[in-house]
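Have a look at the structure below, then the notes.
Going by the order they are written in, the chains are A, B, C and D; count residues from 1 in each one.
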Amino acid sequence: MRIVFIQTGGTIDKDYPRTRKGYAFEIREPAVERILQKVHPNLDYKIIPLLKKDSQDITKQDREKIRETCEGVNSDKIVITHGTDTMLETARKLDGIKSKVIILTGAMRPEKFVDSDAPFNVGTAIGAINILTKGVYVAMNGRIYPWNKVKRNQKTGQFVEG
Amino acid sequence: MRIVFIQTGGTIDKDYPRTRKGYAFEIREPAVERILQKVHPNLDYKIIPLLKKDSQDITKQDREKIRETCEGVNSDKIVITHGTDTMLETARKLDGIKSKVIILTGAMRPEKFVDSDAPFNVGTAIGAINILTKGVYVAMNGRIYPWNKVKRNQKTGQFVEG
Amino acid sequence: MRIVFIQTGGTIDKDYPRTRKGYAFEIREPAVERILQKVHPNLDYKIIPLLKKDSQDITKQDREKIRETCEGVNSDKIVITHGTDTMLETARKLDGIKSKVIILTGAMRPEKFVDSDAPFNVGTAIGAINILTKGVYVAMNGRIYPWNKVKRNQKTGQFVEG
Amino acid sequence: MRIVFIQTGGTIDKDYPRTRKGYAFEIREPAVERILQKVHPNLDYKIIPLLKKDSQDITKQDREKIRETCEGVNSDKIVITHGTDTMLETARKLDGIKSKVIILTGAMRPEKFVDSDAPFNVGTAIGAINILTKGVYVAMNGRIYPWNKVKRNQKTGQFVEG
């Protein structure tokens, strides 16, 4: 089984800045890399570090670039790690790509934090991608949602049916 | 979506003993409980603490008890956390249960360890169980294997196609 | 032995924001509280949450407040958790307080991060405060420096003799 | 400042076995190595992996070996990581070594566990050793005890004045 992972940024990848004066987070290496190193996956995989952005900063051009990357990669199984704030917009943009299954996931707390949801979320995406063969999905809060059947609860931040 | 989790023990749950003289591990609360607390799952779930055994110590009677529990619970989606050493024997024992999907998972390193594969593995089981509707599966090393299409690599401990 | 801990903020306490759109860190409960809970200390202690500031934002008035608090508390052993950027300025401000030992410490990575130096640093401060009886010190990078015999290496951020 | 660390084993170093069938812990690399890597210490140090034993298994000959090593090393500051069960026996054995300060420490939960006291305890030993110049001490539960002024609370396992 071969999966291509695409890093776009988001909370999942946020780390403490290397510089001495640190007000804001930095995004560096993809968290999915560290997660996979601990689980000895029986998979072929490749990680494409496409963007390192908070998803509030992802532009229309960025989303086109994400779509082009998905269309171009030599794999029919793609997991995209993405910020949760605009994950659903990117998901919508990817609808219609043929013959591939694409699952977007991310985290509410950075993978570098001791109580992160990142390993679990990436796990749900990979578990589902073992079974699914096409379409665009969002893997958050323990659920696998078709991209057009999910919304975000404004108060809690949870991804729910909608 | 409703999932019933059944704890049988295994590495995933192993913790350092409370007693002062500690040669061997102890199994106490189910790791799956701690994992789910960090991810705010959009699920109904219940955790049944059935056994707290290293899977080398699981007997024929224990496996019958696991099977009876699966048949009896009021849910068609079941995740069993189990030791990796005899996970495949228990999986075989569960074949034939109708109208339910049962996924066994566990970990090579306890959930209490900083570099554990436990959250990821439980994640893969839950991701797959969102999609699957019946049958018995093993979720390890990033893969979802039908119970009769998996074996264990004796040298590395990895679960592979077989 | 009785120690009073004073929280002023800094990297050690930084956490991921609760709000959904998270560019910058938030400081909430003192990290020293979580650290002490894991070690069953044979100490009486009290934690005063005085400030929750990045130390670049600590003002002259804040430093006076810190000094007044140190002078006022009912203990001759005080550990202050503080941001590393202006720790030495605050230390200088505390010189001259009689009959108490005051040790400032902090961290380069938040206590909430998996690879944090926070528990170790707080440990060094507490280890030293068992022995010392008066004066103002800085506990960082495994060393206990008198406040006026330490400087910061601009490039690496390390606290060194100076 | 130069510190020599001596590894004797104990809970602090316990790790999950590499072998597939894991009833009991294994001791491999010294935990103190991993702890120091996170804190960028401004110290010269050397780690001597002398023993890898649960301290219930430390023999009279082992304690003589520990003493000879302490006498022989080219440093007047020594930190020994040791199991908590017989730490006080080893401490007694080291009394009388001249012109050196020796501090024994360990942990109630392995450094590999997410909620370990190990980094904090090693921190307290190093903080104290910055100040002390001779004698044998035990650093546990946030306290620095002269070797002959400490005992263990049988029920709780805490090291207290005695």
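The definition used in the following text is that a contact is a pair of C-beta atoms (placed from the backbone, for glycine too) under 8 Å apart; a residue touches a chain by one contact, two chains touch by 3 or more.
Computed from a prediction, not measured in an experiment: that's the story for all the values here.
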Chain pair showing more contacts of the two, A-C and C-D: C-D
Most widely separated chain from chain C, with each centre as the mean of CA atoms: B
Classification of the chain A:chain B interface as same or different, half of numbers criterion: same
Whole-Å separation of chain centres (CA-atom averages), chain B against chain C: 43
Distance from chain D to chain C - Cα centre to Cα centre, in angstrom: 26
Centroid spacing, where centroids are CA-atom means, of chain A and chain C in whole angstrom: 37
Contacts with 2+ other chains: residues of chain B: 109, 114-115
Arrangement of touching chains [line / ring / star / complete / other]: ring
All pairs of touching chains, each written as two labels joined by a dash: A-B, A-C, B-D, C-D
For the chain B and chain D complex, residues of the former touching the latter: 11, 14, 16, 20-25, 54, 56, 84-85, 109-110, 112-115, 157
List of chain D residues in touch with chain C within their complex: 1, 35-36, 38-43, 108-109, 115-117, 119-132, 139, 141-144, 156, 158-161
